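Residue numbering begins at 1 within each chain, and the chains themselves are lettered A, B, C, D, E and F in the order written.
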Amino acid sequence: MERRNGRRADALRDIKITRNFVKHAEGSVLIEFGDTKVLCNATVEDRVPPFLKGSGSGWVTAEYSMLPRATHTRNQRESAKGKLTGRTHEIQRLIGRSLRAVVDLPALGEKTILIDCDVIQADGGTRTASITGAYVALADAIKLMQERGQIAGNPLREAVAAVSVGIVEGQTLLDLDYPEDSGAEVDMNFVMTSSLRFVEVQGTAEAEPFTLEQMDAMRAHAMGGLKQLFDIQQEALRG
Amino acid sequence: MERRNGRRADALRDIKITRNFVKHAEGSVLIEFGDTKVLCNATVEDRVPPFLKGSGSGWVTAEYSMLPRATHTRNQRESAKGKLTGRTHEIQRLIGRSLRAVVDLPALGEKTILIDCDVIQADGGTRTASITGAYVALADAIKLMQERGQIAGNPLREAVAAVSVGIVEGQTLLDLDYPEDSGAEVDMNFVMTSSLRFVEVQGTAEAEPFTLEQMDAMRAHAMGGLKQLFDIQQEALRG
Amino acid sequence: MERRNGRRADALRDIKITRNFVKHAEGSVLIEFGDTKVLCNATVEDRVPPFLKGSGSGWVTAEYSMLPRATHTRNQRESAKGKLTGRTHEIQRLIGRSLRAVVDLPALGEKTILIDCDVIQADGGTRTASITGAYVALADAIKLMQERGQIAGNPLREAVAAVSVGIVEGQTLLDLDYPEDSGAEVDMNFVMTSSLRFVEVQGTAEAEPFTLEQMDAMRAHAMGGLKQLFDIQQEALRG
Amino acid sequence: MERRNGRRADALRDIKITRNFVKHAEGSVLIEFGDTKVLCNATVEDRVPPFLKGSGSGWVTAEYSMLPRATHTRNQRESAKGKLTGRTHEIQRLIGRSLRAVVDLPALGEKTILIDCDVIQADGGTRTASITGAYVALADAIKLMQERGQIAGNPLREAVAAVSVGIVEGQTLLDLDYPEDSGAEVDMNFVMTSSLRFVEVQGTAEAEPFTLEQMDAMRAHAMGGLKQLFDIQQEALRG
Amino acid sequence: MERRNGRRADALRDIKITRNFVKHAEGSVLIEFGDTKVLCNATVEDRVPPFLKGSGSGWVTAEYSMLPRATHTRNQRESAKGKLTGRTHEIQRLIGRSLRAVVDLPALGEKTILIDCDVIQADGGTRTASITGAYVALADAIKLMQERGQIAGNPLREAVAAVSVGIVEGQTLLDLDYPEDSGAEVDMNFVMTSSLRFVEVQGTAEAEPFTLEQMDAMRAHAMGGLKQLFDIQQEALRG
Amino acid sequence: MERRNGRRADALRDIKITRNFVKHAEGSVLIEFGDTKVLCNATVEDRVPPFLKGSGSGWVTAEYSMLPRATHTRNQRESAKGKLTGRTHEIQRLIGRSLRAVVDLPALGEKTILIDCDVIQADGGTRTASITGAYVALADAIKLMQERGQIAGNPLREAVAAVSVGIVEGQTLLDLDYPEDSGAEVDMNFVMTSSLRFVEVQGTAEAEPFTLEQMDAMRAHAMGGLKQLFDIQQEALRG
């Protein structure tokens, strides 16, 4: 099996991170994993969810959505349907949990950072691109809070990124694009921190259950890709 | 009163039109009126609303939304609220009516062209930018339909564009940005076709009712701005 | 083109205003524009919307609805559909804005006057009848508040009324009934105060865009009709 | 205990039935039980619920609502709340069942008659007034169907009416008004046909459970009132 | 007509009450009326509805639901439909009113006891089984509150139970099972307290209106069954 | 750390499977993992989702819910909230995917088997108990379809079961109960088929990211527990 643009089985797509994409948000990042483009906007709010009121601790959460024509055929807006799909719920909870794993919430004080991940164009891997870009928007928002004197120390403990990996026609492939993803027998997502520890592991057999050996091969590919993503995030934040 | 960047009372902001912004849509235009940025994506669908079934005639409609952080403070998603606000309903009905005014619907055949207008960044005049950009996305979608042999003739009768005008501190100003708009005593929107006829006129006294003379002054400003917008649309479509 | 009952192009239908229609409301007006009958009930409430809390200022707002069988064929209840249509949102926002234009809100104190406009029978022009009748209900509610000593001065600055005008078979007609309205090429609504200044102007080309000259002709008709409506309101309030 | 206007314990309030209240409906009745005023509009529709499709049989159903200011303090619209209350569901199901008890549904053919009961002014007993008025609107709609040749025979088997009865300060009272109803220890509604058979009996102890003897006394009062209501309905339909 | 298992016309089905069915609830009762099985769980909450705040008085309420496959063909979940049906509203209001009739609410203090009635298996009479079982769960919850010192006296004034009765093929039958209920001409439910006074009486003619004599015969059957249910409740609570 | 009842770190809780729990469902299983009790009812329906219509293939899906008082403090019903939570969506999608992994859908024909998993009592691991019990209910429903001649061959390819594993106070534990689960640093769920291949792997760091070595230790525990569950399922189906 030949990948688009002759990409190797263990290679990421071209990754591009543009900071300060919109002017109003406290952090604003357009992240591109090949043709997948997600706008990640961070908002700092002076409130916390009810269960944290009076605790002195902050919160980090996320919302995820696709523009109707991000995809090949148009999707109905969830606002028109009047409710979020199960898929949207799952993804936005995943993004929120991934980000909270690297934030020292009490060090934020009673503030919420909400990251809106809006998919402008979709070509596979929108949830992993969202997590990887949301981290950069979060880092920018926290830097701004520090500059404004809203927080003293640095609540960011380390970086977090995510990548997908799958088995397509029996072959283990890193960072699936949409055509690969639709034909995948197995689909796994790994969310890891820059200390190479796992925050989330999610693997699903779409067609055929997978063996212990296949799981280990996918994990090795993912860890290779994630190390590169941490470098790209670092570079973008220095830029 | 001094306008931002020394803009004259009867001058438009910098207008920029980028075609083919996303790859999946049949027409895709990013339109910028200064800092207001709206993505207008056209989708061609092989169906019509129930009241047109069997009529042989097509339909043109629009949906409008803002990304949560398009604005200075974040807006809750309408999908999370579970329903559209009155403002959203009003705007998307206005965009749809404006576009239909320049389309020969029977010449489309039983097809629907739906234009999604998603505001990426808001700085006043999102509805007028949406209409002006949506026309270009519509024209691109129709051109593609012709190339694909989906329609024979040209269902586009003429161009349509829109602009806002208002009274701010007693002065008649063209194409209000957000700070001007929030302080306006009167706010009017004109939607006109390139044959200089009106499709929609909407004027609202926010603070103080307005006189016949003020209405005429606003109309004159608007017509001047609209003529320039028709030129900009033409140029973009030639590009 | 012959109008029903030999009405002249610039004539209103028979207008009838019945005060104190229901016994519980602080102001209760049944207004009839020909066969269009709208019940306008004013409620005084001891609360204001969140954005006015502590401001010392009051608020005026409106809700609009049609009985299911106000129309020729039955409309589904919005309560059964679980949401308001875009049309309802548009109309009730328009009524509220129109009334607020003639009320000195700080003079109300922190109270809300809510006008419910319920269409009992529809024959065109329900929104203009609603505005015209709502003003009378509002005036009655304010008079009652004065009698009860709830407010000292008079927060009503002037009267407000509304009328529709349109182009039907090329002819400019005042105060369209339903058959005229359904066939209109252009439909405009004017909301004016008794000092002959404009609060709202809304014009829509249903079939064919309209020229500057046509807009001016419609405006002249509307202003003539509105002057008569101010007299009728005055008379009703004296009665 | 003295009743308003010196009414006797076993007396109805003044009952008034006005037919042809709105012009569009197939049957339109304003019924007044004292200060309680309900508008009952009948609509004939060329469809039946799914479970009757192809059965050859028709259907009769009802919807019930209150105008927001029908009551002493304003009620929020159910359309604004986005759902019907349990009370509304209960009442409209009761009205529908009561009407169907006197209609030969197969004789209607595959048509639905829907009665909208909208309370214009409420002063106790809105559900019993609705049933009693809905019957007259139904009879008018059926007469119109016969005149139009939509049905051959007479699907109306007999009349149906309803009345409330209660125990207030230990005394059995017929046709409670709102002040009586709010203070009632027991509240019962009887729906009966003109052959003096029961369609619905609903009794609720609001404060104190009631004995067998009390139930029998209430039933006797109710049957007396219902006989009068059948006469009033007959007279109205002759008028 | 022969009843299942040779049951007599005036006989109850086998009634079985199992206390402490789940471990978390303050009262937990599985009640069986033949093949009808309802789980009644009582929850004590430290809050009251808004209208009771500061009154010193408590509240008792209920919720009712069926598991989707409690019935012969599966019912869609109300959570999936996004709203409760009218039938569910009616039943849970009935259960709540029935329980409140035997509770001295001020003696509860500002606490709410909520009884969840979830039908595990349905075979007719789920609302009467719910009331009868909910009383036992309520009694257990109150006993626990007394043991915990949350209340001093005994807010339970007497017992409450419910039973259905109907006319099937002209015959008066007690405690209808599902096949009997679906074919019933008349269906009545009686809710009574152990002092033999009525809390609720609800009778509906499903097919044919019923006479005074029939109503009296049904009432006699019901009272016989209810006396047995009070004994069974007593015994269960002693157990 | 000591586990309840002296349970070993790699030991399951007592597992109990009761078949034919309710009489109406095509398969009905009460599964207990210690104090966690889930009722799994299978329904066979003569329809498939739209995307399978005409394909000849069947579908297997699941719904998941908790009774309000399954938990220590009561949960509001999702039907009362009017929408499903994200957690419910996630779980029911997981159950459905797990079951489909072992079913040959074309061999079902155009039928849907829907498994309702309703949690009667919760003490941790409700989703893994649901999957393990749902498999047995599914097997019973398929057996019944074979007996009724609705399908020829055997669409069940192998068994599927699920178990949770976690890190609590640094220790790797199998099959967490609620107190363990609430204090867990890491929580993983494994869904495996009886050929020892993986269908789903989901791991979440609740407090601290986890290492490669920890992931491998959890996987080993899980595989041990799953082998026992396959034996228990087999035995129950023979019984």
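FYI, a residue touches a chain if its C-beta (ideal position, glycine included) is under 8 Å from a C-beta of that chain, and two chains touch if they have at least 3 such contacts.
Because the structure is a prediction, the values reported are computed rather than measured.
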item	value
Chain labels contacting chain D and also chain F	E
Inter-chain centre distance, chain B versus chain F - centres from mean C-alpha coordinates, in Å	51
Interchain centroid distance [CA atoms averaged], chain B/chain C, Å	28
Distance from chain B to chain A - Cα centre to Cα centre, in angstrom	33
Touching two or more other chains - residues of chain B	82-84
Arrangement of touching chains [line / ring / star / complete / other]	ring
Chain F residues touching chain A - in the complex, by the definition given at the top	83-86, 89-90, 92-93, 97, 101, 188, 192-193, 195, 197-205, 208-212, 215, 219
Residue ranges of chain F touching chain E (in the complex, touch as defined)	22-25, 28, 35, 37, 39, 41, 43, 45, 63, 65, 67-72, 74, 77-84, 114, 116, 118, 120-121
